[in-house]
Each structure stands twice: as structure tokens, then as C-alpha cells.
Amino acid sequence: MTEEFPELTSFGTLLGFAQALEAAAETRASQAATRESAEAAQAALRACARRHAKRGRQLERVRREWLNEVVLQPITGMRREDYVPPTLARDALPDLRAVVRFEEQIARFFDDAAELAADVLGGLERSFRRLAAESRDLAGELQSSAS
Amino acid sequence: MTEEFPELTSFGTLLGFAQALEAAAETRASQAATRESAEAAQAALRACARRHAKRGRQLERVRREWLNEVVLQPITGMRREDYVPPTLARDALPDLRAVVRFEEQIARFFDDAAELAADVLGGLERSFRRLAAESRDLAGELQSSAS
Amino acid sequence: MSTAPRHLPEVAEHYGRMRHVVDGEFVESASPRSLPVFNPATAGEIATVPLADSGEVETAVDAAHAAFPEWRETPPNLRVQPMFRLKALLEEHYESIARILVQEHGKVIDEARGSVRRAIDNVGFACGIPSLMMGETLEDGGAAGIDEEVIRQPLGVFAAVTPFNFPAMVPLWFWPSAVACGNTFVVKPSEQVPLTQARIFELIEEAGFPDGVVNMVHGDREAVDALLADPRVVGISFVGSTPVAEHIYRTAAAHGKRVQCQGGAKNFITVMPDANLRAAIPNLVSSFFGNTGQRCLAGAVLVPVGECADKVIEQFVAAAASLRLGYGLDETAQLGPLAGKPHFERVLSFIEKGIAEGAELLLDGRSPEVPGYPDGAFIGPTVFDRVTPQMTLAREEIFGPVVAILRVGSLAEAIELANGSRYGNASSIYTTSGKHAREYKYHVRGGNIGVNIGVPAPMAYFPFGGQKDSFLGDLHGQGRDGIDFFTDRKVVISRWV
Amino acid sequence: MSTAPRHLPEVAEHYGRMRHVVDGEFVESASPRSLPVFNPATAGEIATVPLADSGEVETAVDAAHAAFPEWRETPPNLRVQPMFRLKALLEEHYESIARILVQEHGKVIDEARGSVRRAIDNVGFACGIPSLMMGETLEDGGAAGIDEEVIRQPLGVFAAVTPFNFPAMVPLWFWPSAVACGNTFVVKPSEQVPLTQARIFELIEEAGFPDGVVNMVHGDREAVDALLADPRVVGISFVGSTPVAEHIYRTAAAHGKRVQCQGGAKNFITVMPDANLRAAIPNLVSSFFGNTGQRCLAGAVLVPVGECADKVIEQFVAAAASLRLGYGLDETAQLGPLAGKPHFERVLSFIEKGIAEGAELLLDGRSPEVPGYPDGAFIGPTVFDRVTPQMTLAREEIFGPVVAILRVGSLAEAIELANGSRYGNASSIYTTSGKHAREYKYHVRGGNIGVNIGVPAPMAYFPFGGQKDSFLGDLHGQGRDGIDFFTDRKVVISRWV
């Protein structure tokens, strides 16, 4: 997979970015699952990966179905660099803690995106808020599966 | 391909039979095309095969979309044996003349089916009549391609 | 090339234990109660269905209730996108759904396909919600400078309790319109035929409805009572027999819910001396015996008028006698078994009562020979002549391939006879006279009138429901009636000063 | 991980020579006349489009005319089945259609996707024809015993002549509704942007419409005149400039056809002092510059009211100045080139005229730097302040990223200004006051009014059309208006004696 994170210039790129984040989260959680030995942690990571796969599909639909003229406006105020995931070293697998940190970063991304969407489209704001909340929940579940 | 020709007890089986006829016609025309040496005949046979493939797809849609309660009535008056194509001897390829004869038989089938459908559903009758006419045209075109 | 009857393969031999669908997940039931599901042609067991307790129903309503606020605020044009995907998925899996339906219900494959078609058409109808749900507006509708508009809004969680005779179609009369309008839903399919709907729910999940928007619980009366009692369920749609319809109507109303209940039927079919019999006879046969008589629109009482009676009866009985019984997956079978052994016994008892009450048995369908299916719930076409309006055969719903013939002298008598029934679901007239047809459709009290059509089944975009004891409520199923049932009209009057 | 601008791949470098679609076949044109198709960002040639002569148009009308009788008798519920398949196919190929559109038109990918979305929505709308096309009935509507009903019937062959600015969407405003109603159709896409529609026609073929039901000819004025003159074409839908609209309206009417023509626009956007500017500014930017100003709904004249003018203008110009120009397949580009070199030159000449007439140039978009695309038809956001109602900038349609600012003192003045224009396509107001919004939508003459929305584009199920010189005809495109245009209402009064 090539991870491509566009600059955040429109809701189209914002959603493209969000999909890339979900794909990265799925990859990292799957990779971490192969590295962790504790069964509970493995299961939590795999569940996390599945969840991100489903979210990615949902975001594709949101991108296709919600974006009409009304929201084709330029956006400002979110910098790409603040949200791209840490690059994986070659052959290195992320551990559970890295996945938790990334999940928290994803939550932050969706919170900020919700803020931006608030003036534009209620449904988009709500979707982003829900994804943020869910990412925080996922981070919590992963955390507790490790202990 | 197994050719299955059901007994003609309902419009469902009638359409299943028609689809089987179209499949058989496609096969025979394709086979005959590999056997004929004249280019015009080859081309006519291949066009005939393509036409039957398209008709088969159309009949599948007719079967799915036209058959509702109104036409779920038993039918009588058409005997399966009168319309099944002549069996192919193992490894024998049909020639153009056999394809023409079969095409004429198909036209007869659809004429008779149209008769049956006339009291039941105008659209079905018209579809069958058109297929019959087209098969007669195809037979004529094949015939003239050979001369 | 095969010359044997064409036996279509079964999708599976056994479907395991059914699961509920709650909040976007297929979940195992924890209920200790369950029932086997039988193939009525082979009598073989093909699945197990759990019977939800009230706690499991509550969980499904929880999910629907939680999903409502966000779904209701999802714009109509976005709500129909998963509906369009479901339409395409149902087309793709059309044949396998029809075969599963045959296995659990017994009807012949063409009837199963036709009913899947109708199920799909209801999904197609719901795809039109952005247009269908529009309200109306009038500038200065209140007064000069005061605008008035009417808006349609969804209400919350709806539920449907559906019968055994159309396992694919009837649940889809209701939930697609309800859900497209912005409501969320709990379906309870008949515990006798849960497999078809279970397969459809796999496609519903694949279509990508948000979690909790469409839920399904398997169960029996306990589940129904839990749905009726739950204050979060705002409306109930029911299709079944009249006594159960009355119970549900009463109970739902006592709980302050919207409710629409389709009940039983006893459909009178009138044949005029001027009818075109060549076209009418096969159509009559399909009306009385199609789906083995287990249709709420099936002909039940044949009413030949005047001098045509002997000829009509002779041709009708001959056509009926020639019907080929068999397992529905044999494509050449024309008549399947009854949908279950208890119902089979019930239909037999009606035949015996008919004989006891003195009707003349012209065609006896008891104990037919069905090679290969000795244990199937088969009853062949059965026809009684010289039935009187007082006999059980003329009054009660049999729901099987049993015909009562009542001869009358005039069209007026035929209309009076049909209107004398407590039921008013469907009625048909066979005639070439426009005047007779107009008289009949004008005067006969019935929700569905056929003119030279024995099964006047309204398409998805028309309302479907009976009159008299065949229906309780006001808004029928399907069409714009369904949209009215699943939405509330709110009037907004605006003045900006 | 890539940090470079995200360049989406082109579907193909060159699309060869376009073919007509006649009677279900893609056919090569025999016409000696043709044009190259250019990518306006790269100025590279990407296809050749033949220009049909009148004989080729006649062949397409032949096919549509021959297909009509059978298609018209195909029941509505069956006519929509290929429409449902097309809906699914368009979803499947959504992204590649959008990319082809960018290549030939220049708009940025998100705008292309959004317009494909709207094209799809029109197909979705047409899937609802069985409900939407229903007539009405009234028993005893004529008198006692005399029933009255109104039926909608299709008319025959319709045609659409469509513009360059929305290559996917505008043809689909018309033909899906027309065809679902039972008519047959000939589409003539803009010869400047034939590729997108050609791709869509491949999917139309795959969806399985009967041969001849939907046809396409490529061409220019000769083809249009052939369509106008052919007596078998019963109606014409047109979208383009007002002078051409007037020619088509007049000519079609002279030939006795139904005709609906969408013409030019000059849309006034009013900003009240009580507007929420944080939300309004990005929305205004998208109204004036989205699709590089080539929308019939684009803002053209910005009308700030009273004391807010300086603040509105300052923020608006700053936001406009920061827009990133680029090739539409660069996902981060916010503004694409004009759709072609001749149009590019025309827009430049309007800018020069504005300067010459004395308007104050606040932002000059001429000769922008667009790295990598030195030959592209790019003009950046251009804003003129202190424009007067008499200046060309305030009166004529420019159809580019050029804004004229007219300051006014009151809402009443703003309304008067908008109503003084010969055009009446769209108009928007930004305000937090319900009273101001109500005044505006009540009084401004325009087919599409936005309240805090700068591009008030009606969805597929609502009518789309302007007022005054922006529209000629009565029934608009899309929604129920479209259905009325494509059907005839026939009244049947029946008495059976």
C-alpha cells in the first residue's frame, strides 16, 4: 500500500485524507497484532483493524454521496503535517502502544475536521465527531487489553 | 454446456426453454463458424452466435421482470418434444445448413409461444413475435451468405 | 440433454441455527426456546429458529431507537443510496433467494421468483423517497405575508410482524418505505419461514445501512407482545389472520401506537356468461390454486352467473385436475405442498366439514400421489359444487387449494353475495362487458378488484389492503399509503416581522 | 508516503475518434467534418469528435422513432429496470467518469465528482417513474355513473442539446426522465466535451436498454438544426446561452414542438450586515469561482449591503487570492482552467472592458503562474469594485472567475438591483434574519434562490430553471416539471350503459 496524504484544501481532500488515515490505521493494527503475543491484545488489535476497514468503506460512501455543490468550498485551517502518521521504519512492526498513539491522533484529526465542517454541513460534522469518539474508545480498549 | 429443456408447463418453464434454445443456437452457430471455410458464411455465423447470446441475456431479464402473479398460470398446448434441437453427434460439428434449419425451428417455437401468450400478456406476445421474425431473418441471412 | 423433470439444486441442505440481526450484527440468540424449520415437500428439517424472549426484543428496539436520531437527519437522497445498493444485490441474488424460499415454504419456483420480484419492487419504490416524501408549500398560504407549508417527518421505531405465506415479500412491503422515510425498524418474520428473510438481511448488511437501522428478531407470540408493549415502538404493521389482526390492532392501539393490520380473506370470483373462457380458465386456476391457495388474494368462492355455470365448472375442474403436484424445485411442478403439517391438517378438516355439510365434491385432492415425496404436506385441487352461503366452505377462510362453487342467477346476486361476506380483501369479475366490470368495481366492497385478473395484487407503488374484516386501520401497505403511515405531517406557518 | 501534490492518473492519454450511438450500436461517423478535443489545462489534444451531417442525425431519429412503439408499451415498472442497472453501473464507474470529465473540461476533480453525483441522482430519480407518472382518477367525476380519469402518456422522440460546462450532468437532466416515461431520445452533447457522455453511453448500453431507445449524435449547429427540423422529434430540451436559446425556442416552436430552453445568467449575491461571515466567505468563494465561474448558478455580482461592505470585500478578496490554480487531476487544486481557448479569450476581453469602463480592479487574475501548465487556459480570481449597474461587467454574462461588486444601501435596493437584470436564473442572500430571507425569496425574480447558500442548485427531484431571459418555456428541467414536459395528460371520461 502506498500511503498518500493530500494537502487539506477542500472537503474532497479532507475525506481523501481521512480514508488514507483509516487505511494506515488498519495496516498498523494488523501488523501490531502479528507482533503482540498476549491473546487479548491480539484480539483487540484485530478488532481495531476490522473497524478501520469498515470505517474506510463508510468514508468512501460519504465522499461520494455527501459532496455536492454546497460543500465544494475551499477549506483553510488544517495542516496536513499535523495529522500524517509517523512513518514506519522498513521491516519494523508497530507495537500496541504505537497503535494507541496513532488512534489518539486520528481522534484529533476527526475532531478538528468536525470543527471545520460545523459551518458547512451538519451531517458531515456529526460523522466526524462520531469517528473521533470511536477512535478514543478504540484507544481505550487497546490500552486495557494490554494490561 | 448441458442443454436442459424443461417441459412446458408454465411461462416460467417456457422462458427457461427459450433461454436453453438461445444457448443451443449460440453454440451451434459458433461451432459451424469454425467448420465453414467461406469467409462470408463464417462472418454470418459469428454474427448469428452473438445475436443469440444477446437474446439469451434479454430473455433472462424478461423472465425475471415480466413474470408476476398475473402470468403465473399453467400453460397447455406446447409439447417440449416439438422444439428441442436435434442432438449433436459426439465430436460432429453442425454445418451452416443445420444452423439454418435450427433457426427456422426456433422461429416456430417463438411463434407458437406468442400464440399462447396472446391471451395473457401483450408484452410477452410481442417479444416472442419479434424473436420469431428475427430468427427467420437470421435464417435468410445465413442462407444467402452461403451462396 | 436431460429429459427428466428439471430439479434445481438446493442452496444448502441445512441452514443451521438462525440468528437475530441487532445493531448491524448477526447475533446468536440466548433464548432456550427454539423450533425446527421443515421443508414441507420432503418433511426434512432444514434449520432451527430461536424464539426470542422479551429481553432480546428489547435489545433490538434499543438498537433501532439509538440509530434513529442520526438516520432521521441523514438527508433523504443519502438514505436511498443503500436502498439502491440493496436493489442491485437482490437482483444479483434473485435466484438463490427464490430457491431458499421454496425450500422453507413449498411454493413452486416460479411463484417464489414472482414473489422475490415483488419484494425487489418494494425496495425500488423506496428508492423514490426524495420525491415521494415531499410536502407542500403555499406562499401567503396563511394570509398576506404568512406562508404555510406541510412537512413530512419520520416518527421513530416501527416494527412489522409478518406471515408465513410470502416470506420474502411481506416484510418488504413495510420496512423499505419506513426506513427510506427516516424511521428505523424491527422485523419479526414468521417463525415458520425465517430463512428467506435471514438471507435478505445478509444483503441488507452488505448494502451498508448504518448499524441499528434495520433489525430482525426471530420469535413467536412472546416477541410480538414485547414489540407491542415497548413504548419506543411507534407503529406496527401486521399481516396474518383476522383474529390475530384484531388482537394486535387492539393491543397496539391500547399502547397508543399507529397500527395497520391486514387480516383474513374469502375472495369471491364472479364469471359472467359473456366472459372469454379461453383466457379466463387458466387465470382462474392460478387464482384458486396458485401458491396452493395460500394467498390473501386467492380465489376462494367461484360464482358462475346464469347459464354459463355448467360450462365454466366443467372446464375449470378439468384444468384443475391436470395440475402437476411436486416439490417446488422441480421446475415443471405446478402446485406445491401446503406450507406446514399443522396447516395441512387444518385444510383437510375443512374438506371433511364440506362433505359433512352436504356440498358436492367434484374433485377430491386428499392423499394425492406425489412420487418421491411421500411425506410432503400435499393436497391437490379440491372443488365443491352446490355450496350454499350458510356452509362453512362459503364463510371461513381455508387458505388452501379448496374451491367452493356458488351458482347465482345475476350479476346483482353475485355482488350481493360478495358483499355479504365478513371479508373484503379481493374480488374479481370475468367479463367482456365494460358495463358489468364498472358495476362490479363500483359496488363490490373489497380492497383489490380484478377485472379479468384473478389475483389483483397491487404493485409496489399502489396501496395494498382490504376492506371490512380483512383490514384494521386506515392507511394500507405499500405506495403512498405506506409513506403516510410512516411519516407525520407537520404544518409550519411562518411570519417574519 | 508521498508529500507531492496528489496527481490522479488520467484514464487514457487519447480517446481516439468519437462514435455516434444509434440503435444500440456505436457507429463511426461518415461525416468529413470533425474537430479536435483539447485538455484545457495541458492544451494537449485528447480526442477527435466528428460533426454529424443532417443525414446522420436522421438515422438516429429513425432509430428512436422505430423504438418508440414497443418501448412505450413496456410497462413503467419494466422500463425502470435498466435505469436501476445504469444507476449501479454509474456508481461503479463514478471515479473514472469524473476523471475523464476533468480531462476534457478542466474543472477540478471534486467538482467533477460532484457533478457526476448529480448526474447519477437524475438516474435515481427516473427510477421512481412508476409512482411519479401516475395520473388521477375520480369515480363519478363526470356525473353519477360517469367516471373521469387523467392518464399520462409519452409522446415519442425527444432530443437534448447540451452545453460544455457540465458534460456528465446536463444530458442526464433530460433523457432519464423522458425515457423512463416511455419516450425515446437523441442526445447531442457539446462538441467541446463529448468524452464523458461517450463513456456514459457505454454504460447505457451495458445497462440493457432496448436498441434505439437512447441515441447520441456528436455535432454542431448542423446537427441541432436537423433535430429542430425533423418532424418526428416532438420536443427539445436545451441548455446554453440566451441567444442560442432564443433561436432554438423560436425554431422548435415554428416546427410545432414542445420546447424548454435554459439560457444565460447574471446572478446577484446579496450580503446583509447581519450575515455570519465566517460561514459565508468560503461559500461565496465557491459560488463565484467554483467551476471557474462556468456555472449558470455561479455568483456574478456581489452586492454587499450598507456598512458591512468593506469588511465583506476585504475577506472575500483575501480568500479569493489564496485559491490554488492547477490541473483538475491534482487533487489539491482549487480552481481549474477555463473550458477552452476561445472562451478564455472572451473572458479576458471582459476583464479588459471592465478596466476600460472604469471599474476598480481589486484582484487581477490575468496571466497567473500555474507551474507545469504554461499552455493552460487559466485565469485566476478577478474582482472589480465600484461597478455601476450600467457597466458591461454588471449586465453581461461573463461565465468566468470575474466578480463585479456593486455596493448598495439597503435590502430593498439590493432586491431592485437583482430584479433590474434581464436574467433571473439564481440569486442568493446571506443573512441571519428570517425576515430578510423571506423578503428576498418572496420578491427576487429568479428560478433558484439561495439563503446562505451561494449555489442554489436544485436536486434531481426539484425543478431546475430560471425566470426572465434565463429561461424560455414553461416547464423546467428535472423533478415533476420534467415529467410533465415528457408526458401528455389525457383525460378519459367513461360511461358504461
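The first chain written gets the first letter, and so on, giving A, B, C and D; residue counts start at 1 in each chain.
Everything that follows uses one rule, which is that a contact is a pair of C-beta atoms (placed from the backbone, for glycine too) under 8 Å apart; a residue touches a chain by one contact, two chains touch by 3 or more.
As the structure is a computational prediction, the values presented were derived from the model and not from experiment.
Set side by side, the interfaces B-C and A-C show unequal numbers of C-beta pairs in contact, with more at B-C. Distance from the subunit B centre to the subunit C centre is 36 Å, each centre being the mean of its Cα atoms. The centroid of the Cα atoms in subunit A and the matching centroid in subunit B are 56 Å apart.
Computed from the mean C-alpha positions, the centre of subunit C lies at a distance of 44 Å from the centre of subunit D.
Along subunit C, residues 77, 91, 459 each make contact with two or more other chains.
Contacts with at least two other chains are made by residues 65 of subunit A.
Checking each pair of chains for touch leaves A-C, A-D, B-C, B-D, C-D. Interface residues of subunit C facing subunit B in the complex, by the touch rule stated above, are 1-3, 5-6, 91, 94, 109-111, 113-114, 117-118, 276, 278-279, 282-283, 285-286, 290, 297, 319, 322-324, 331-334, 453, 455, 457, 459.
Within the complex formed with subunit B, the subunit D residues making contact are 70, 73-75, 77-78, 81, 208. Subunit B contributes residues 57-58, 61, 65-66, 122-123, 126, 130 to its touches with subunit D in the complex. The touching residues of subunit D, when paired with subunit C in their complex, are 77, 80, 84-85, 87-88, 91, 121, 124-125, 127-128, 130-132, 134, 139, 147, 433-435, 437-439, 442, 459-461, 479-480, 494, 496-497. Of all the residues in subunit B, the ones that touch subunit C in their complex are 2-7, 9-13, 16, 63-65, 67-70, 72-76, 84, 87, 119-120.
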